[in-house]
């Protein structure tokens, strides 16, 4: 029983939506951060699926770049969150609204 | 000196004197006075050469002044019999008044400015007299208005003088409003405003489209000659020095209106003449009634001038449209030349001009006489404070008496001839008008004799008149000359010499009509003068006020009426309306954009508040953004 | 003087004030006296050049195209067709001369006005003056607009910094109004240029492209003329958009209100006569009815509002707004006579308004207030000022003998083609202006001296008009007199150019006289 | 290794012209050299040496760019279709180098006022500049994504550079979340395009779906395909975030306020310019056939940005937030230029040049203003209000004049360069018949005059309250003064004489 392309795309789409709404709703910055990574992974899944079913190689090579970029983002992101926690003693997104009009 | 160069010199002489005075002689009073008087003398001399020149053909010249598209406006001269007649009045009377003002203004602080003003006036007046097209007349029309503004405002420290000059200029401008509208209409209708060309086109059967055109042109005369609706400024204009009142508000400027009417009588239509007639009659009657209750000697003369101007306008109104016969012949270059045969001058215009000339003489005489009286009584103008002056100022008394005799129409004086011509014309054309004019003549003699008796007879009623003394030679000499002119002005051997073709057209009664007119004028004289002489005692109070306060009050209100009406209009109606408009302007027209700006700033505040600061809020924006992109991409939007 | 040197002279006239401004920008390095000298030269040179060009032009009036035409490419000529083209024709020459005259008068009055931070003040005034001359000298429409803005920016700064009461609000309001006006007119100008497909952005090519059957569609002409009309309307304070003018001039220092009311405001009217009418005749016809009634509102409504003013400077400002109505009426007739009248009017109005603002300032110096109700009897202390002021007021209400009369006469004559009622209503302005004009003169100078005057005179005994103040007034008054007595000096070149442009407009536009 | 793949690999290897990317490489080397310097040099020398080396690196890169300006390397795609160099990309490389030099200059003014390490700032700055220069040359989505993400991550670091100030960190966090969200959307778009372009069932499918050339061919064949259209829209949304166009601009004021002033300048100028360069490459490259989608999309973005940017800036008193919002409105103007470039490709061939010209005038105006802001900000970098500018003209006339030129150029006041930029955009839009957009643009200019005038008024007219009056006149270094005057003069000169730049536009 082979899994069709649409199934993969469906899963990728779902993952992406979950990630998006996670960012939208979760209050903790770290969880929010995980959701962002989730969205990136969703795109990698879709990419690999396309590459496999279309028989083209570019998708696979692209995945590695996405993973490295995600890693860089995580490194910088966590550094900022840690420093922010040290200063503001909170990671709740709703309390981090010092900058507003 | 060809006639054209003399006319040009005639016009530019006063301008030159005025400029020299304005630029260099502001402090040098005597030199300025001398210059202005010599200029006046020069004008009189040049005018004499022009008027008494051998050949009677009209002197014409013109210079193209401004071309813009269809308009090519040129300034030029047309010195025909009518112009020569008016020129004689302006030049001779003007010169005499210049001489008189030497004495009268002798110890005035701003003499240079006064004489400069006189020269400017002479320049503008001569401009009107000599002009050959309506544009040029209009230009000098306003310049004359300006010079009268300048001269009325001579004693500019006095608030009343300032208000009077402002009133004079504005009322003149109201008249000019209609005048200019008429000129524009005439230009668009006939393509030209040149008088000779107008006469030619009318001669070839040109038709006046609507009577509004002549009536609009008449507006100019109403403004300048202070006819009924716009007569309020003339009595106030007495604020100016007396020579100014004599020159401008008696002899020349106010006559310009009638002169202009005669200039354009080709454009008149029957019912336009009817309107002019009745306005003239109304002014004459109204002014005569007002004159009866005046205390100030100059105000009496001012109202009498108004009345006489009414006479002249009525006379013009009685006349018919000019009948023009002409002869055309081909010039070498193919252009058609129009040789105007001597134009059959309408009787009305001739009578009006005749009365204008004689009136100029005796009214100038009366004003200068009153000036000499005022000077003698150390600037006292109220006739009830004078009295018994006939002993102290004999020359002034006798010349003044000749003037009074002329105006009341004592037979065989100039006033008698010209006024009777008008009465005879009225008698021929319109009985009702004849009746009113005769009544006005009676009133005229009534108030003149009243003023004459109160001023000169009885005993001196104030300290000034007690010590009154005869004025100097420079003031009495012009009086004598004018007295002579007032006497001989009407005779057949003098007037035609200056009037040319105008003289023949004057309606003269012959045979039985002649004697009837003679008896009529004697009747008028005796009734009016007798009543005045018996009625008025020369005491400090006005006997009419004492005898019948009701009548006096009625006449008083009659005089105040128009002034109060105009005063109410300007102060209340016009100023209120201006205030309301100003309020509306600042509130609405300025307010609306401010409200707009306010609304925009609310939007601004709203947009600014969207930045709530929380990341969740911002992610919602992203959701909205992604949705928007998706919608546009799939063509939903 | 062959043509090349004349072209150079024209460029010199526009460049000297700007160069002067640039030098004064580093003014604090130079002593005050040197700065004033540079400023004086900056104002004098354009006047001398303008008079010479006027004389040279009169010697050989061009019946078509531009005299002293010079082209300098500043980089954008190939991309967008914009290059600095300077030249004068019959329409722009009179205004160029007027700009030079008023500029010189304003400059001299600023020199001895003793404003604080005088160097910066003179710098900005020089830049403004350069901008003004550039407006009337430029044939390229873009630079026509560019120089206008070039002159507008110093105005806002000067009103904001050296102005009178509530100057920041006035500067702000002026900026917003005039920017909206400028943007609309720029949009209109670019629209014409892009749609005409002309080779370059200047009048010569545009007229070539749009002449005859190359003309734009009537609907496009309608919209573009609408844009230009309302853009220029705002810049020249047409009736509903005029509220910035009295406020702005009330708060502006004298030299600025002289230059702005006198010259810069003519940008819009000149734009209509030189650009909008020739290029968009059908559009002009559609809008002419609107323009007539708005201009009449200018004359009658603002005229009455002027009567209600109690502050002298506000009255002069409102008076200038009212008189602008005449210019618009002349343009609205779409005839040679009307347009020529409008140009004559612009020149005369520029001179007389500038003179009035100058003398208004002198009245303030001697009475300490602009409030008319407290004034009276100034003639005793300052007879010469009284003479100048009444002459200026009489010139502004159009007394013959001054230049104003010819403008108004030709405009009234041309109005007849529209309708009798319109002419009558416009003529009302003659009476209204006489009323408020003479009322002001009488209030300030004649009658008894009010106690306020007496008190102020005792405290500050100022003599009559000093010679340094008399010079600018004399220059302006002499110009008014000369043009009043000898209008041919302006009308011959004007008639030649109008004769070349406007018959085509009149043909295209069959003005139905709505009798 | 089958022979044909070997030869294919050799061919691809042949296109690896490393010399074409010499400028980027020098920047990388300079960045590393900086780190080495910090180790080698003694403490006190570091503060002086680091900025100089950074400037040297930038200057070297600039020299290299000019050296082989029109070298034969143009045309064929390099590095196996990853990189494609055109005149536009060369112009943008110069732009980024100049912008980074100015950012470095502002950094030398601002950083000494705060206790933060100096070297890392310049190191990251140089790396980011290298990545920026690569962006306009990208011809492949991988190259695009990597360069874009390098710039974005570098900016995360720079925005949060003031570790001790909560504002900077919070700005960093916000920029991080928004940035990664937008790159996720961008990525999703790329994936969709890759997926649909590679699908064998569709006509014109291609193996190299990521390559712009191939993708353009595919898109031309089936422009209506839903996945293509949605994919393109998502990619454009990612770029909309980069240029700060509505509706992806809500983060701009907060991040601009929080970030250190040099970084705000970097964001406002370089990051926005990179977005536009990329947009022009995409819109005239792969998405050329999608005009029916890109025009409505970008027009909506333009109109909304023009209105929102100006309206929100109306009441804004904080100077950095004002620059952010004015940046949004300038994005609107530039989008009008881009739409004009797409709408009538033939008639308005010089529209992209007008956009680049506008970018240069924006560079000059913004950098002059940021230069003045750097000198005026005293206390906390985030809190710069109109009050601090009260009576600036008196405290330091030079700064006042430079501010007037900078803000005047941003506002588009005629004698200054900004006006010519706006004019060219207007003329291009006119020739492209974008009537509605023009109407909105005119309204926008009028509103923008209000808040720019407010700022200049504060500097020139308000005398400020007593407390500000006695603040000592601002000390201005000679180099700093010279740079600012140069910027102001450039603003004025470019306004009057467009010379070579004008010619360049004409030759498009």
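Just so it is clear, A, B, C and D label the chains in written order, and each chain counts residues from 1 on its own.
To be clear about the criterion, contacts are C-beta pairs under 8 Å (C-beta built on N, C-alpha and C of every residue); 3 or more make two chains touch, one makes a residue touch a chain.
The shown structure was predicted, so the numbers you read here are calculated from the model rather than taken from an experiment.
Compare each chain's C-alpha centroid with the centroid of every protein C-alpha atom shown, and the nearest one belongs to C. The distance from the centre of chain B to the centre of chain D, each centre being the mean of the chain's C-alpha atoms, comes to 79 Å.
Work out the mean CA point of chain A and of chain C, and you get 66 Å between them. Averaged C-alpha coordinates put the centre of chain C at 44 Å from the centre of chain D.
Chain B and chain C have CA centres that are 36 Å apart.
In chain A, the residues touching two or more other chains are 20, 23, 32, 96, 98-101.
Residue positions 176 of chain C each touch two or more of the other chains. Touching two or more other chains at once are residues 173-174, 177, 181, 253-254, 316 of chain D.
Every pair of chains that touch is listed here: A-B, A-D, B-C, B-D, C-D. Those residues of chain B lying in contact with chain C across their complex are 65-71, 135, 138-140, 142-143, 146, 149, 153, 156-159, 161-163, 165-166, 169-170, 173-174, 176-177, 180-181, 184-185, 187-188, 574-575, 577-579, 581-582, 585-586, 589-590, 593, 597. Interface residues of chain A facing chain D in the complex, by the touch rule stated above, are 9, 16, 19-20, 23, 29, 32, 36, 39-40, 42-43, 46-47, 49-51, 54-59, 61-62, 65-66, 69, 72-73, 76-77, 80-81, 83-84, 87-88, 96, 98-101.
Taken together, the chain A residues at the contact with chain B in this complex read 20, 23-25, 27, 32, 93-94, 96-101. Within the complex formed with chain B, the residues of chain C that make contact are 176-177, 240, 242-243, 247, 301-302, 304-305, 307-309, 335-337, 340-341, 344, 377, 379-380, 386, 394, 399-401, 405-406, 409-410, 412-413, 416, 420, 423-424, 427-428, 430-431, 434-435, 438-439, 442, 445-448, 487-488, 491-492, 494-495, 498-499, 502.
Every residue of chain D that touches chain B in the complex is listed here, in rising order: 173-174, 177-178, 181-182, 185, 226, 229-230, 232-234, 236-237, 240, 247-248, 250-251, 253-254, 293, 296-297, 300, 308, 311-316, 447.
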